Amino acid sequence: MNILTLLVLIPVLTMVVVLFTKDYKGARLASAIGMGIELIATVYLVLAYLAARKTGMMHEMLFTSDFMWYPSLNIHFAFGVDGIAVAMIGLTSIVIFAGIFASWELQFLTKEFFVSLILLVTAVYGFFISLDLFTMFLFYELALIPMYLLIGLWGTGPKEKSAMKLTLMLMAGSALIMVGILGLYYNSAPGGGPLTFNIIEISKISIPVAAQRFFFPFAFVGFGILGALFPFHTWSPDGHASAPTAVSMLHAGVLMKLGGYGCFRVAMFLMPQAAQEMAWIFIILTTISVVYGAFSAIWQTDLKFINAYSSVSHCGLVIFALLMMNETAMDGAILQMISHGLMTALFFALIGMIYGRTHTRDIRQMGGLMKVIPFLAVVYMIAGFASLGLPGLSGFVAEMTVFVGSFQHQDMFHRVVTVIVASSIVITAVYILKVVGVLLLGPLKDQHHADLEDAKWYEKLSTVTLVLAVAAIGIAPLWLSDTIVASLKPIVARLAMVIPF
Amino acid sequence: MTGYTYTVFIILIPLVMFLVTGLLGMKWKPIISGLLGTIGMGTSWTLSLITAASYFFGHHAEGFQTIIPFEMKWLQFTDSLIIKMGILLDPISVMMLVVITTISFMVHLYSIGYMHGEVGFQRFYAFLSLFTFSMLGLVIATNIFQMYIFWELVGVSSFLLIGFYYQKPSAVAASKKAFIVTRFADLGFLIGILILSFITGTFDFGKLTEPGTAIFGSAASMSFMGISAMTWAMTLIFIGGAGKSAMFPLHIWLPDAMEGPTPVSALIHAATMVVAGVFLVARMFPVIHFQAPAAQEIIGYVGGFTSLFAAVIAITQYDIKRVLAFSTLSQLGYMMLALGVSGYGGEEGLGYMASMFHLFTHAMFKALLFLGAGSIIHAVHSNNMYDMGGLRKYLPITHITFLIACLTIAGVPFLSGFFSKDEILVAALHHNKLLFAVEFIVAGLTAFYMFRLYFCVFWGKDRHYHHTPHESPLTMTIPLMFLAVASVFAGYLPFTELVTSDKLGFESEMNYMVAVPSVLIGLLGIGLAWILYKKESEVPAKLAKSWGILYTATYNKFYFDEIYLFVTRKIIFNYISRPIAWFDRHIIDAFMVGIGLTTEKVSYKIKGMQSGQLQHYAFAFVAGTLALALSMIYLMM
Amino acid sequence: MFYLFSGIILICSLLSITTRRILRAAVYLLCVLLATAGLYFMLNYQFMAAVQLTLYAGGIVVLIIFSILLTHHISHRFQHPNLTKLIMGIGAATVGIGLVLTTILSHSFQAGTAPELPVDMTVIGNQLLSTGKNGYVLPFELISILLLAAMIAAIVVAKKEKNKNSEI
Amino acid sequence: MIQGIPLEHFLVVSTIMFFIGVCGFIIRRNLITMLMAIELILNSVNINFVVFNRYLYPDQLQGQFFSLFIVGIAAAEASVAIALIINIYRNVKNIEVENVNEMKF
Amino acid sequence: MDLGQFILMRHELLLTVAALAILVAEIFTSEKNKSKLINFALVLFALVTFIGFIPGETGNLFGGSFQSSQLTVFMKNVLNLAVLIVFLQAEGWLRKPENADKISEYFILTLSTLIGMNFMVSAGDFLIFYIGLETATIPIAGLAAFDKYKSESAEAGIKLILSSALSSGILLFGLSMIYGATGSIYFADIATKVAPNALIALGFVFFVSGMGFKISLVPFHFWTADVYEGAPINVTSYLSVVSKGAAAFIFTIVLFTVFKNIVELWKPMIYTLAIATMTIGNLFAMRQNNIKRFLAFSSIAQAGFILLGILGAGELGMTAIVYFVLVYVFTNLGAFGVVAAIHNASGVETISGYNGLYQTNPKLSWLMTISLFSLAGIPPIAGFFGKFFLFTAAAGSGYYILVLIAVLNATISLYYYLLVIKAIFIEKNEQPIPEFRSSNSMRIALVMCITGVLVTGFASGVFEYIRSISKLFLN
């Protein structure tokens, strides 16, 4: 069986098994086993992919399979992965694995929780392996919807409102995407012949420029909303703040990446001319995103808000780098997606664990936690360091690749904005250290916190998985970076064919 | 390939120590970590010495070769922009290896005694190892990006060590400040690297510093805001260096960094990390000198100003570690200045050589001073000079070694500081009379404040100590003694032959025109301190009063901390971050929510349409039909 | 003659929607229907006219009058119509009349060229029972279903509940 | 055509009648009178069909038959409507249309 | 014409026979055994539905008055299926004592309207079309007033019959214009003679508004909410699904065949109506608390989406509409089924009454959720496919902005569907609707709905089949 089909099937089967479990213990065990198998399958996929590339398989996509679904509209189940998709799948597997363990103690409607969570993940897998715009869109929307219940039922704070805001804003985004992909579809055969949703096939022709100009903003902004593109990012702080731990992890860690991934795989890859022409607008927006998100984070006092704004900033960097449209910067963008995915998941996991102990997320009410919960505190610090770009952790690799890549741009404008964007590393340091300083260091603020328990085994498992991943990328980035770059070549080549305006 | 492959272990050992103590340390008795770390460091030290010996005293007929015993690709950006991890051996890096491992080893050893019984002993050793690893990685970097990577790691280890007493708010604040200020400077460094790599397409020091290289071909035509690209690049890189080396105005973190344990101050904030900036400039020296002379000017002036500025402040401080910290600043200013006034090649490169020389000697005696100070603090449990006095009786070894260090830094002849400082003054005299004058004065000031410190602490009246101060244990005094010896004899190393700008040795003569006056002014400073502080007297207080505002300003470090606080707290937090956060919640988010609310409001507003009245419906029906018909017939056709 | 009928139609229909006595309204309606039948006679469509007379004038109006009697006192007078609705109604009617009349009057009708079909009962009868084109047996059957259904519907609605006593 | 009266005149009458019916439907307060207004409307439609048939397309009887069926359906409609009106009357004791607005918004 | 050709009319004939059989059975059942009629009718109708699916010949009868093609047969099958589900859902309600003496009437009235609809779908001339339309409407007024001692029900009946009379008056006026302009009532004849002139435009607009009433397009929709709210739930679901679906079918057929020559004329009009319908429907649905009224407005908004398919003006548009209606049948009946089940068990029909439903009736909650998500067009439920194809059809004609507006409207609709889901899952309630078990036939109906909703999208064969028969039909 095709490994990619397996990737989607495992979570589906897991859901079924979870549905038949009796109590919360069974449900979480089943989920953990399922996601564990998924993780193994992912590792297998990565190895198989690398092996296949090594043996010289030069196709853009590997492990492709193609089933006709709606013949009359030329809709297929077309699957396949390149290095980028493999990397994103890897990210997803790690985050969900950690996410399951981060919600180990959840006992309210556990079965439903895990089913929704795994449904969401299934959709994410589907999205990343899709080569057909239709199925891609299908999985995209599918990924958004369990979110409402996940936040609304298991969340905290003004959860209904946040869940609603998040769902609606993202669905509005998908409205734009819908227009975008329909536009692509109807322009996919300018020379006559059958229309197609297939990304690879569309990428072989060039969409008429007028159509590109019209549809590019739709597709780009549509995906951009999920990628927290300024000024459409406001769902993110509320949504993440209200979501339960695993959902925040998954949403910020993986789902937001759907946005960035879609931005380049659909909008930019398929409409290169328009992308070139309009890049500057979005570059300005993302520049604002990066700096603005970081500045906003400084002022926040809710841990999740801090992290959400930090995500705005980091995800802004993703799209920023994509728009630079050279190999290095885009490589950086993908690395940043993965890196941000891992570390933000780690952050949210930790925030959830801390919240579970102190019952507050307000940093003003906590302090000196290093003393009482050293394990969590140290891991939090590691996450913080990853976030502010400490070498040896993934954030550094990603950010540097972005900056170097962006700065190689021949245009002065691009270099100037790169400098502005690079300044975010200082602002990031400010808020990360502020949090670390207030939350973990210093004297213990609230005496009630004096006898908190440090991490349990499942919490350790959850966080250590993520830390290892973060560190692995940070220490040995070359294989990942090379894999991504190899897959980026056709995309960049297509973007570069166009002479910039 | 070249027989230097074992140098890998110099850097790997600390890394392994870090990982081992960091992950497993908590399960051991604390002392095991200390011993393990010290032994590991000792091994590294030995290896470094072997390396230095074989490098410097091996055959080098045509000057010293740059040797790269190990290199691997770490991350590839483009075809030519590749980050490699490797080891580069050339005179300055080998010298730095020796300096770092020596001081680090001493500090490891010293800390066994100093940190005895502290909570987090293992953590301390883990961080020390991490720091040493990073610092070593920095100096042996084969390319500027590798350097940047370790540069950042050094920064973070410094952060961790300053904040070692993490439950002390002041320590936390200091560590934060240190990190953020240096981070800000690193941004400059990073952008500098970006510009440099954009122009040259390479990170490799080998290619960048090769004399007469063609990679800057296109640089001349590039400029931004009227300043040439290379000047930008080098100035920005210098900003990075200035941050680490605490050059004015980025110096503010260093005095606060004294919140860390004293051995840390000795290792990081006196001997090794703070010279990273100097090292960076030295590493990039050919590029700066040939491609960005304007930047070199800046370096010279910044160095000069910092040394004067810091020396003036040092006079008024009474925290023993702070005095040393400002002294460090001042000395770092010296080194920077020396690089700023240096030429390239042979005699011309005197400043370069002098800078490295001073770096080396300074490392020894400043580490000694700090460790000595640590010994004192260990004895009296206070940092305040005025809590001390007459300690020479209680701490004989500390006293002697501290005196040697003070004499060395004051530039007393035949001690190492004399030689290196003298070379700097000579170099300055040749290139820039103004800077020479400044340094000349600073030499006097240095002698004065050091001896002010010395006399205050070891002479004068006894204070009321909680318990009788006693000499520190052997683990602490051995390093003191070793470093004292090093401080005395380091000046006799043939630096002019070993560490030069073009890697070719040259002969240099003692310039008595400079040496004699500088010795005199040094003695003047000592004499003045003798008069004022040997015995407790009212004179210093009166003098201080007579200077009035100027004294207060100096005492308060010219209010730079306050300015920074104002900029960060008020401007960044209150006037940028807060409005942005507000804007996000109340404008952007409110707008998005507003769309929803408006829809809902509209929904309520129009509910009257569905009045329940059949005839209203009928009217709507008819009116709708007619409107459609009207528009269809008269608009469409 | 035409203008007489037209006059009756227009005036009576106007009256039937304005009069404040409901029974009179029914009577005016009857007049309209009768006058319409007159028009059909004039057009030579006797069968149509007859149906109009019997079914419409005879059936529906009688039904209406019955229901009026069931639900009203004969002397019942309405209140004046609601002003808003009056404006709505008159406005809609005016605009509508204007629009439709301009359209109709500006249209040039093309008379069919095919020969005229004599309108007598045999033709009507044949067509009503014919199954080909222009045969109306299918609608005829269908309407019978409709009538049956309508009857049942009316019964369902109107019939008394067994265990409940209602006033009628 | 017939007696020299042009087609348009019939149409004018039927149109006015139609809209009088519409107007009546909107303004009358009583359900039965509204029903009467409906009858006016249907009647005017019938005239249209018949007249078109007679004047323009006398080759077939489509218009006439259409009218015929309309009359039949009108009867059915009226009967159901009246049944419903009586039902309303039983429920609310009058048949003012303005009272029939329990459900709204 | 030979009798064998009656096979073309098999649906109509079978239904008539069924209706008569029920009538006869009613006469021969004793008072006590009236409720057995329900079983009889259900089995009978299931049989009819099943027979309807047997493929048969296609062709025209009565000189073109009656047209039968695979597409119309399919449409009729869809309607039959929907009615079968409605019947199954109505079973519990009919068994209530207050309805004991109206059982056969319910079936007969429903079946006769279904016959009307079938004729309407097969109509080849405007006369059949019109009579079919009326047959499909007038008896429903009786059904709407079925709970005749509830004033809401009576009100629903009168509102329905009077507005429908007005609308058919206007529709007829339009038809008379068209007859005057083209000289025929046969679709085939008119199609060749229709030309873009003012009179035809006028007649056409009147025709559209008459049809708009049936499909409840804005501004012809006002009756919908009141009638849906007042009528018994099973009648409401019948109205909202079967009646609307049939109207949408015939409307599409007429526009695509009869008025295809003036397509450029009606596109802008449909465009406007589509926007108005979606938007107004959504805006009103947003703040409803009565679930029936809520679904009424939601179904208005859904009608707006159907118009997008009409704008597709071609094979794809036709396919998308038929497909959408099929999906809509399952989806909406699923939702109404849950509403009916809950109403039968507890009498609750407000959204706030559903608070905390999940605690007690998780299965129904999921059913409702899936149905609502399907209405909102969330994948991988069939509703998503239905909407997607409609949008694809509209986009195929270049109406991208309209598609955008439509999808944004779908987002608004998601908002209010989520409100219901929120009530069910999230809102706390001290006394939620107690746990209950609905009748078997209701269960069967719901299973049918949920299967349909979950399977239709994945089984592309359905879509492809509709596409092939639409192709046949339009060429």
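Annotations
The chains carry the letters A, B, C, D and E, assigned in the order they are written, with residues numbered from 1 in each.
Going forward, a residue touches a chain if its C-beta (ideal position, glycine included) is under 8 Å from a C-beta of that chain, and two chains touch if they have at least 3 such contacts.
Being a predicted model, the structure only gives us computed values, none of them experimental.
Between the contact lists of chain C and chain D, the overlap consists of B, E. The fewest steps needed to get from chain A to chain D, moving only between touching chains, is 2.
In terms of the distance between Cα centroids, chain C is separated most widely from B. Looking at which two chains touch through the most C-beta pairs, you get C-D.
Chain-level centrality, scored on Cα centres against the all-protein Cα centre, points to A. Taking each chain's centre as the average of its CA atoms, chain A and chain C sit 69 Å apart. As a whole-number value, the distance joining the C-alpha centres of chain B and chain D reads 96 Å. Averaged C-alpha coordinates give centres for chain B and chain E that are 77 Å from one another. Here the spacing of chain C and chain E, counted between their Cα centres, is 30 Å. Multi-chain contact residues, meaning those touching two or more other chains, occur in chain C at positions 85, 88-89, 92, 96, 99-100, 103-104, 109, 112, 134, 136, 139, 143, 146, 150, 153-155, 157.
Annotation for chain D: residues touching 2 or more other chains are 18, 21-22, 25-27, 34-35, 56-57, 62, 65, 69, 73, 76-77, 80, 83-85, 87, 98, 100-104.
In chain E, the residues that reach two or more other chains under the touch definition are 127, 131, 134, 138-139, 141-142, 145, 148-149, 157-159, 162, 166, 170, 177, 180, 183, 197-198, 202, 225-226, 415. Applying the touch criterion to all chain pairs gives A-B, A-E, B-C, B-D, B-E, C-D, C-E, D-E. Considering their complex, residues 22, 25-27, 34, 97-98, 100-105 of chain D touch chain B.
Within the complex, the chain C residues that touch chain B are 85, 88-89, 92, 95-96, 99, 103. The touching residues of chain C, counted against chain E in their complex, run 99-100, 103-104, 106-107, 109, 112, 131-139, 142-143, 145-146, 148-150, 152-157, 161-162, 164. Across the complex, chain B meets chain D through its residues 607-608, 610-615, 618-619, 622.
Across the complex, chain E meets chain C through its residues 1, 16, 19, 61-66, 101-102, 105, 108-109, 112-113, 115-116, 119, 127-128, 131-132, 134-135, 138-139, 141-143, 145-146, 148-149, 157, 177, 180-181, 183, 186, 197-199, 202.
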